Amino acid sequence: MGKGRLEAFSDGVIAIIITIMVLELKVPRGSRLADLGPVVPVLLSYVLSFVYVGIYWNNHHHMLHAVQKVNGPILWANLHLLFWLSLVPFVTAWMGENRFAAMPVAIYGSVMFMAGFAYFILSRMLIAHHGRDSALAIALGKDYKGRTSLVLYVMGIILSFTHSWTALGLYVLVAIMWFIPDRRIENALAESRA
Amino acid sequence: MGKGRLEAFSDGVIAIIITIMVLELKVPRGSRLADLGPVVPVLLSYVLSFVYVGIYWNNHHHMLHAVQKVNGPILWANLHLLFWLSLVPFVTAWMGENRFAAMPVAIYGSVMFMAGFAYFILSRMLIAHHGRDSALAIALGKDYKGRTSLVLYVMGIILSFTHSWTALGLYVLVAIMWFIPDRRIENALAESRA
Amino acid sequence: MGKGRLEAFSDGVIAIIITIMVLELKVPRGSRLADLGPVVPVLLSYVLSFVYVGIYWNNHHHMLHAVQKVNGPILWANLHLLFWLSLVPFVTAWMGENRFAAMPVAIYGSVMFMAGFAYFILSRMLIAHHGRDSALAIALGKDYKGRTSLVLYVMGIILSFTHSWTALGLYVLVAIMWFIPDRRIENALAESRA
Amino acid sequence: MGKGRLEAFSDGVIAIIITIMVLELKVPRGSRLADLGPVVPVLLSYVLSFVYVGIYWNNHHHMLHAVQKVNGPILWANLHLLFWLSLVPFVTAWMGENRFAAMPVAIYGSVMFMAGFAYFILSRMLIAHHGRDSALAIALGKDYKGRTSLVLYVMGIILSFTHSWTALGLYVLVAIMWFIPDRRIENALAESRA
């Protein structure tokens, strides 16, 4: 089974998610700068999610680039990932409209955790399908970055009830961690295998 | 007439349907966990529809993979299928917001029945266009799975007025039936033809 | 300049238009069949527009299939067409929610007239770019169907103020005219040129 | 890293932005022509933004056509551009619903300025990646048009507080400037380099 259909469909869904998210920015009634006030936290929430979804698009495309074939279960593992990403617009709006209150921050982190977990499952299934000596298996290695992300999400979810801004800071940290291409780690991993 | 345009357009529409469905999840005003309460049945309804549309994408793509050519009537049979799928976000939200009440469950099943029926028509037209000895005709066979789905939908629609949760269970059963690739039946069908 | 980008972008926009239109179907609050009452005219309106946009997708793709190259002005003639098509969800909802009242029916017809006119301009510009002996010029001929559509729209717009259902009937007539592939006329046109 | 994925994703997002913008046109309750009154400024605002996004699609595609390769930072520069474009539906609706009041006009101009600036950054990064002798570097030259646009936006933003219609006129001027292909300037630039 070719991977082309999976790539095109995933790219389409991710492009739609990143774009319809903006529909959650409700247009205020008044025309003064102050009327934009309630929109600001939703906008900040939107920026964070935009970067997240951008990172997912980026990495998803990279991962599938290193892949030659897919099968039925992989199609569903991919739809599982898209499902959690599809909830991002909802939790983004809920978190923003409640100005980063405890529970919305925790739920936002939970959806991000599930998306990260779904991505992890997908990557493991792709490796299992291509073998431990495949380019993908070598590129991902032990996937410290993926595992660290999941741990940071869990820490953020727990912290959100007492220190919601610290929790948010951890989510931002995950985004930065993926945003900056960490060549040092990649090289280290490459050498450890050489 | 090539099939490429049909595939790309269908994939695009299905990707949009599966994604905009999430816009029906209305963001609650409050920030407590209890405020998410009314969203839960809509979310469950969303999960079911997400799996359904995912199955349609999967099977639609498979079916068209086995096809070489299309014609005008097939284009319209395909648009007929997309029409019923386009109503899925509407009935998903109606069913979820009314916590799986009788009539919404019946209407949900009716739209699913019509989508299943439209898919059946499309498959028969594709077989008629390619001949009874075509790869598609052999792959689909008598299409017991498609026919069983339609019967289960009708049973669900009738039951929804008295036992709406049983009706819903039948819809879930159809989803599971398609979700799990039943190789035993496929092989049996293949042998019965050999 | 290649036509691939124009085709892909137009297909994308048309796929989004035909799908987001369903977001105008507002989910009713109650769960009885009677609660669906106000949705019925919007649904009928939606069916008509779905068929219309489906016809545009079909014909647009056909027309561009017969084309080898595009230029800057053609890109804008195409965006002009997409602009009027993008207004279809709005006028569809307005017409449906007002149960086919005079003014919404007139405005619906006006948007359809403008889309038809934009399509006519686009076809003429494509012919001018490819020459009077091109496959496209021969295929379109004098475009009686396109011209008749525009006349029927104008008649519908005028009639809408006194006989809004007759006006609507004329719009449906245009849809049927395009829906049924009229091979007799095509052959007649082909012979008249032979 | 190939540019195909970047092109397809950007085209998808831009197609979605230009289309979902119409969802901000709120369907009026009444069925008289006068009921469309409040929609008119939103429609005018929509027309301007439709042309703007159309221009971006056009130029973005042109620019990437002259490009052979991309890298990580370029992917993010592109997402940065898409981010500002994704805010266009929001500011379009806010400006239209407030009938081109001072602050919305200023914010609209600011988003347009940022989109123009993001486009400028993207073009410079593409040139840096391909070298000063690349086809892209020669085609863009000193990018007087891009720089002039940014200056006009800043003038518009400042003017919006005292003469909001003049500010709007400047935004329209930028659109016209890009809409009309200015071959004279292009030739002049080409000669100055020859």
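Going by the order they are written in, the chains are A, B, C and D; count residues from 1 in each one.
Methods note: contacts are C-beta pairs under 8 Å (C-beta built on N, C-alpha and C of every residue); 3 or more make two chains touch, one makes a residue touch a chain.
As the structure is a computational prediction, the values presented were derived from the model and not from experiment.
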item	value
Residue-number overlap at the chain C/chain D interface, same or different (half cut)	different
Fitting chain A to chain B on CA atoms, where both chains share a sequence, rotation angle to nearest 5 degrees	90
Euclidean distance of C-alpha centroids - chain A vs chain D, Å	28
Separation of mean Cα positions, chain C and chain A [Å, integer]	39
Sites on chain A at which at least two other chains make contact	8, 12, 16, 20, 23
Arrangement of touching chains [line / ring / star / complete / other]	ring
Listing of all chain pairs that touch each other, if any do	A-B, A-D, B-C, C-D
Contact footprint of chain D on chain A as seen in their complex	8, 11-12, 14-16, 18-23, 25, 27-33, 36, 47, 50, 54, 57-58, 61, 179, 181
Residues of chain C touching chain D in the complex	5, 8-9, 12-13, 16-17, 20, 23-24, 72, 75-76, 79, 82-83, 86-87, 89-90, 93-94, 97-98, 101-104, 107
